[in-house]
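So that you can tell them apart, the chains are marked A, B and C in the order they are listed, and the count of residues begins at 1 in each.
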């Protein structure tokens, strides 16, 4: 779905701004912190994916690096949430 | 006349120094990791007094063997020169690398002399004096990083200029090396903190940085040896044909 | 003697180096990933301190900076496409626009640092702030480096080379540099989340 919406860099840009706003609001307003943090990290991962795919055209990158960057994106986002949760 | 005479022996001094450094500087010298700056002077002095003998031996050996960083740099210089001559360039990069190697040799030797002095007669020294001397050694050792950064950036850039179909050093090794030495910039934080991951014994500024540095050392050493083999083969092939 | 040494040499090698910038990006992201993880591990023992310190940061400014970098990234992506299609003047204008927008990031960052110093907060204040200055500082160095490169590219292809060669070289540099710039944007996304968002409230 992200692929269709963010077909052009300009659409990607608008989408990025929009979901950045969402994650900012989630941080500031959401009472239930677990849900807020999941939202923040999921949105962060989504933003990074959009940048990788639409701005950086990561599909032109060598396969190994492409996969590594996907793993990195989800891995770091997941690890941050897990470590946040472990501190509660 | 073989232009790569001595190169192989010189290239082996690199990995040899790595082994020596781990044993003498690292293990005997109590540098895995070094003493935390968070230690109070009294506690620090106690540690030094307890381990003075082994630290002394460690530094007594580490100081003279550190010259091998320079001899290793000469081997790298020979490989770089070959590439620069082929490219018709002015051999600036190999010169920069050689000087960087010479300077880095001092960065190994001088702090070791400071730590040797700390371990010389700690029983009669004031703890605070011991501590500042030890700190001084680390300030020099860590903060002179740009000399090594300069050396290995020059090496990496030169390796990337190799026009062979199969380069003497693969691109990933050149980039990895340059990345590691640029990462030394993180050491900027070291003099600003007294504990935690950015301190001289911390997770980032010690384990991560030094770990990456040692891996890089192995990578550069391995490719320098391989390069010398190939350059010698090329030289004999060219000269046999005459 | 030199010519026979070139037996293994041909022009193919440089093209194979194209993935180099991707490798650099992967390495840099790995490095930052390690920093992020160490930050979170250090936070394990002192979440209240970290969150309280985080609340002193202005999340609005962090959000503004995220928007600035995203916008700048978009303009540079656009410039890269233009450069690829040979529309050099268009590319240069877009690069300048991207730089102009990104300049605001620098202003905001310096302002933020200034407010911290004025409040007596420095690198050694507590561990959160050590990471705050370290992470944003290293990121800022990447930002400055990127701006310098974009600035050079905004001058257009080299005047010291034959035109065809200059254009090809320019397109390659533009490609690599825009990737680096997107990485600067990308890293800020995690930095913003870590330092400004997860400790909020």
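Quick notes on this one:
Throughout what follows, a contact is a pair of C-beta atoms (placed from the backbone, for glycine too) under 8 Å apart; a residue touches a chain by one contact, two chains touch by 3 or more.
Please read these numbers as outputs of a predicted model, since none were measured by experiment.
When every chain is reduced to the mean of its C-alpha atoms, the one closest to the centre of the whole protein set is C.
When C-beta pairs in contact are tallied for every pair of chains, the largest tally goes to A-C.
Subunit C has its Cα centroid 17 Å from the Cα centroid of subunit A. Per-chain CA centroids place subunit A at a distance of 39 Å from subunit B.
Between subunit B and subunit C, the centres computed from C-alpha atoms are 29 Å apart.
Those residues of subunit B in touch with two or more other chains do not exist in this structure. Contact with two or more other chains is made by residues 19, 23 of subunit C. Subunit C meets subunit A in the complex at residues 19, 22-23, 25-26, 29-30, 33, 36-37, 40-41, 43-44, 47, 59, 63, 66-67, 70-71, 73-74, 77-78, 81, 178-179, 182-183, 185-186, 189-190, 193-194, 196-198, 200-201.
Subunit B meets subunit C in the complex at residues 82, 85-86, 160, 162-167, 171-172, 175-176, 179, 183, 185-186, 188-189, 192-194, 196-198, 203-204, 208, 234-235, 237-239, 241-242. Listing the residues of subunit A that touch subunit C in their complex gives 9-10, 12-13, 16-17, 20-21, 23-24, 26-28, 33, 37, 40-41, 44, 47-48, 51-52, 54-56, 61-62, 65, 68-69, 72, 75-77, 79-80, 83-84, 86-88.
Residue ranges of subunit C in contact with subunit B, taken from their complex: 1-2, 4-14, 16-17, 19-20, 23-24, 27-28, 31, 34-35, 38, 42, 122-124, 127, 130, 133-134, 137-138, 141.
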